[in-house]
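The following pair of complexes shares a single chain, subunit A, combined with subunit B in the former and subunit C in the latter.
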Partner chain A sequence: MDFAVTSKTVGDTAVIYPHGYLNNIAGESLVKECNSYIEKGITKMVLNFGGLEFINSIGISLLLSVIERLNGSGGTLCFTDISSYHETFEMLGLTKYMLIFRNEEDALAHLGRTSGK
Partner chain B sequence: MPFNSIPAKDFVNRERELSYLRLLADFRDRAVADNILLQGARGIGKTELLKQFYRTLFWEKEKVLPFYYSFRRATMKASSFAKDYLTSFVRQYLASIKKNPSFIENRSIPLARLMPIISSLRLDWMITLIEDFHAILKSGDTVEQILGAISAPVTAAREQGIRVIVMLDDFPVAAHLYETNPGDAPGLIGLFVEAMNASVCPHILTGSPQGVLESIFVDSAFRGKAERMFIKALPEDAAQALFSSLCEKLRVHDDREASPAFLRFLGGNPLYIRNMAKALWKMNKKETSEKDLWECYGFEVSEGETAFYWSSVLGEFFGDTVQVRVAVQLLMHLVKSGSGLHDFPQVSRALGIPEFSLRLAFDGLKIAGMVVSGAADAEQLRDGVLKDFILGSYMREVEGKSPDRVRELIAEKHYPAGDAGACFEITIPMIPDAELVVARAFEQIGKKINMEPEVIKKIQLVLIESCINAFEHSGSYEKKVSIRIALFPKRLEITTESPGKFFDPESAQETPLEEKLHAEDKRGWGLSLMRKIMDEVRVERIGDNTRVILIKNITSDEVSK
Partner chain C sequence: MSLELKKALYSISSLADLSQEINSEKNFTTKIQSVLYVIMGTFLANKGAIFWHERDKGKLIPVAGKGFNETGSPRLKIAVEHVLPLSKNEPYLLGDGNDTVLSRPLKNSLRKAGAGLFIPIWVRDEFIGVIVLSNKFTSEQYSPEDFELLKAIANQIAITMNNHSLFINLSEQIEKNRELYEEMRLIYHDTIQAFAAAIDAKDVYTKNHSQRVAKYAVAIARELGWNEYDVEGIYIAGFLHDVGKIIISSDVLNKKDSLTEKDLKELRRHPVLSSKILSNIKFPWKDVVKTIKHHHERLDGTGYPSALAGEEISEGAKILTLADSFDAMTTDRPYRGRKDLNEALVELKNCLGTQFDGRIVAAFCKILEKEIKGKLPQPNILPHLDKDFDLSVITGLLEALIQELSR
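Moving on to the complex of A and B:
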């Protein structure tokens, strides 16, 4: 299955869209994409899971790398459209490290408010 | 041990047979032949009938003494048999006249220590008999040794003016008595003829299968020496009455709607019926629904007393676990093929068993009466319980299935828990993303049972994990994983099986998330995910395969109405 990561910037925030199956290879691409923004000094990110079809445990571990990296650099990572995976992330205890919003607009609004403070 | 029997009140529907045997004890009644062949399938109750009769004679009769002897493989060497036979007789004789079963039960007291008691009872003939026997032992003449031992009951009857009823259980085993090595002295069984000729010493002989016992009396010096008595299965009403009465005693409610078909399967075999009632109690069942019955049956025939009974029969005739395993493989082959074993080299190749071992197993099964002249005995093969025991032993000993799995599979064979559902089987190659084929297939399966999308997503995740786990752990050249998804009314069972290295889930330690977050290696979520999403996760070793069984109980809020 093809995996694609697309992204855009909205103000000082990067919005990243993983599509397809988040496994080891795809996870590496996602990490790479996020790192490239961090290297550019963008530390506010929104991960929109709306196009994500499947995920596996390796994908989850790579997601954890992104969380760690952004936390370490004082950034903020928001997750949106994760309803299909919410319960699983909660089971694994991941949600306490995630800022979750219903959709991209809500996440961007939150990040906008944060940057205004 | 003749006193190791069930209470007389629980020994039902054999009154006619018992009355007939009692005639043997009567000096004046000549309506009955001097010797009786008690025939019937293993477990049908021949031994129990002998023991009940023994107990009656022991406690109730004067001038008639019972003697019970069970032939065992361990004492097939002529000298060992002769000593064992004589010692057993002396003990039982003393027990009978003293009305004290402890002489029989306490087998650790040697014959020499019984001599003062024999003297005090003024049994001079017995002292002479024992002394003569010891002299024969020194001479090394095995024929004389056997004759010395088996003539003891006749001597006792003549000296004391009594009758001694000799009960020889599993008599066909005596055909395998030997001097130094098995098979070196065929015909020693013929030495029993003389003792059987003595009318003061009626013999009751049992044997399974009936063909073996009968052949001894048709083809040899025994011809015309005995009449046959068949011990048949309990008729349906008696079987039901026995089962219901046992259930009542064990406080299990017998659902008479459910049990007749089940009891028919047990073939009216009182041993099986008793064991099943006990199994219900052991498994804490309060009623006998069809499901409960077959669940208990799965246990009983794989781990319960019935399994123990048949294992003991095998254990009696096979020295070690390796031989038992070969015997089980051979029995399974005979059950499957439904024909005889005539081409040893071919079967040896097919089963991967050296021909020598195969022949050894075959001979053992013949002595045990489980095969007759090449074929598994037809009478035994009609016994569905025995066939299930063989199947269970095969799954455990040869296929390496866990006892739990064997129990389940046997129960499901008779009461498929998935009656209302369906089973999907997929085999995928170990190539990247092949796990998604299974995940997508499950999407359809989940929709078919109206499973909520979130639940489908979780199960898909579990399926993906289970597949990639198999990919990673397999060290086999056969790069395939088989997945079985079974739907039950309120349960989902996923089984993945693949060749390769076994992984023990118990040894897999879960790292706390906090540690994982900062660790270099953040992997190792698979098992944790499976455990959290599913209700049960089991990993079994099946031969060279690893099987992961994942069970999820489906609650009403996980499916849409």
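Moving on to the complex of A and C:
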């Protein structure tokens, strides 16, 4: 299955929706999508994994690159709907570096609270 | 499930990811970048690069990368001579006790760029390149299990890169051979053209005759759908068809009075003489010599040297006959002036079925029609003809001939 990425902005936050299989080089579009928001000055981001069907080592390395880029620009990255992948992220020791929320609303509410800073 | 088991399963699935990428149909650049992503995702390295040992230049060239060499960060450069003395396919961790074996410049370059680990990759005695990784994103140390996995991955990548290198070498060799062949082909053509000029020079009336015949023959062959290889063969045959005239007396060739029986007999030896001269040359195209030998045969069997008739005459010989005769008609000869295009076409028509094959004449007329209407970017026939013909008469004649022959 192909990989696709869509996104929208909610206030000063970008919500990114990866769809399909994040398991090959096509996943670079996810990194590009996130980077394009960072370049526009948007540093609050929600990655909604609800539409993601599969992730492998390639997907993990691309995620690392998103996390690092956003951390490097002093931003906040929230993850939602990751239940299918939680175990993998935890095993890899990544959950320590991820802000995880049950769903998009919770993540947006959290980011809304931090908007004043 | 224990954490160790989960990690082991993740390692196994990473190996599966690796083999999927290595065996994919993707181009090499995409493939090697994907492979790098697999490694980085497997070991949670946020920076990674794969360098390729370019043997000719003795340099390590980055073929895949992420994180290193990005704007602002110091360039990661690795010199081949610093890597060659190290163990093959063994990971080297910076900052641990083992790194004393690494040369200072190598260590400095790796550290400055943010590298934490690297592994020189080899296939047998062939140095293939280097994989470089940063430390783990999670700040965990690389474990002995990581090293074992990395060695297995490095071996696979080495073989993939080596195969690609062999393929590149082969492609380069093929390209070199092709260039060499092209050069030889041009030299061959030049030689043949020089040879043809020598033939034409002997007969003052037939300057450039061989060249025109070659061009006309090529045009007809293409119109008949010949492939380019065979087209080249008929081009060569066109150039060399009169080579036997070298042996025939200039007095006969340039005689202004009508030829005697004896002169004719002498002149008619030239196709056989041509084929005898050329029979010692090993042409890559089949039938060049035969085509030349029979370029004066006639469809009705009254030609020479073998009085072949109809289908006994090869298509190549028929093409050459028409090209040769048409040029003879439209150029001055010692014993008569040239015909204009109109007269020449009428003669082609009159000699249909006796001297010329209808299919060949039809093809020739179609080319002429296209050239007159400007439909061919590079006309082969028209530039050699007098321009004073009446366009409507000629096109009418051509159309009528083509129509008659299509029946």
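In this section, the second predicted complex is superposed on the first by the 115 of 117 C-alpha atoms of A that agree within 3 Å, B and C clash if a C-alpha of one lies under 4 Å from a C-alpha of the other, contacts with A are read in each partner's own complex, and residues count from 1 in each chain.
The definition used in the following text is that contacts are C-beta pairs under 8 Å (C-beta built on N, C-alpha and C of every residue); 3 or more make two chains touch, one makes a residue touch a chain.
Note that the coordinates shown come from a computational prediction; the quantities given were computed from them, not determined experimentally.
**Student:** For the three-chain model obtained by superposing on subunit A, do subunit B and subunit C clash or fit?
**Tutor:** Because the two structures are overlaid on the shared chain, the partners are seen to clash.
**Student:** Going by the contact rule set out at the top, does A:E68 touch subunit B (first), subunit C (second), both, or neither?
**Tutor:** both
**Student:** Looking at A:Y97 after the superposition, I want to know if it touches subunit B, subunit C, both of them or none. Which is it: first, second, both, neither?
**Tutor:** Touch status of A:Y97: both partners.
**Student:** Between subunit B (first) and subunit C (second), which does A:I60 come into contact with in this model arrangement: first, second, both, or neither?
**Tutor:** both
**Student:** Now for A:Y21: first (subunit B), second (subunit C), both, or neither, which partner does it touch?
**Tutor:** In the superposition, A:Y21 contacts subunit B only.
**Student:** Let me test your reading of the model: by the given contact rule, A:T88 touches which partner, first (subunit B), second (subunit C), both or neither?
**Tutor:** both
**Student:** Have a look at 27-35, 81-89, 117-125 or 135-143 and say which bit of subunit C overlaps subunit B after the superposition.
**Tutor:** 135-143
**Student:** Shared contact residues on subunit A for subunit B and subunit C?
**Tutor:** Shared contact residues on subunit A (touching subunit B in one complex, subunit C in the other): 23, 56-58, 60-62, 64-65, 67-68, 87-88, 91-94, 97.
**Student:** For the complex, give me every residue of subunit C touching subunit A.
**Tutor:** 3, 6-7, 10, 13-14, 17, 21, 26, 30, 33-34, 37-42, 44-46, 48, 66-67, 137-138, 140
**Student:** Provide the residue numbers of subunit A that touch subunit C in the complex, in ascending order.
**Tutor:** Contacts found on subunit A: 23-25, 56-62, 64-65, 67-68, 87-88, 91-94, 96-97.
**Student:** Sort out for me which residues of subunit A touch subunit B in the complex.
**Tutor:** It comes out as residues 1, 21, 23, 54-58, 60-62, 64-65, 67-68, 83-85, 87-88, 91-94, 97.
**Student:** Can you list the subunit B residues touching subunit A in their complex?
**Tutor:** 433, 435-436, 439, 453-454, 457-458, 460-461, 464-465, 468, 513, 516-518, 522-526, 528-529, 532-533
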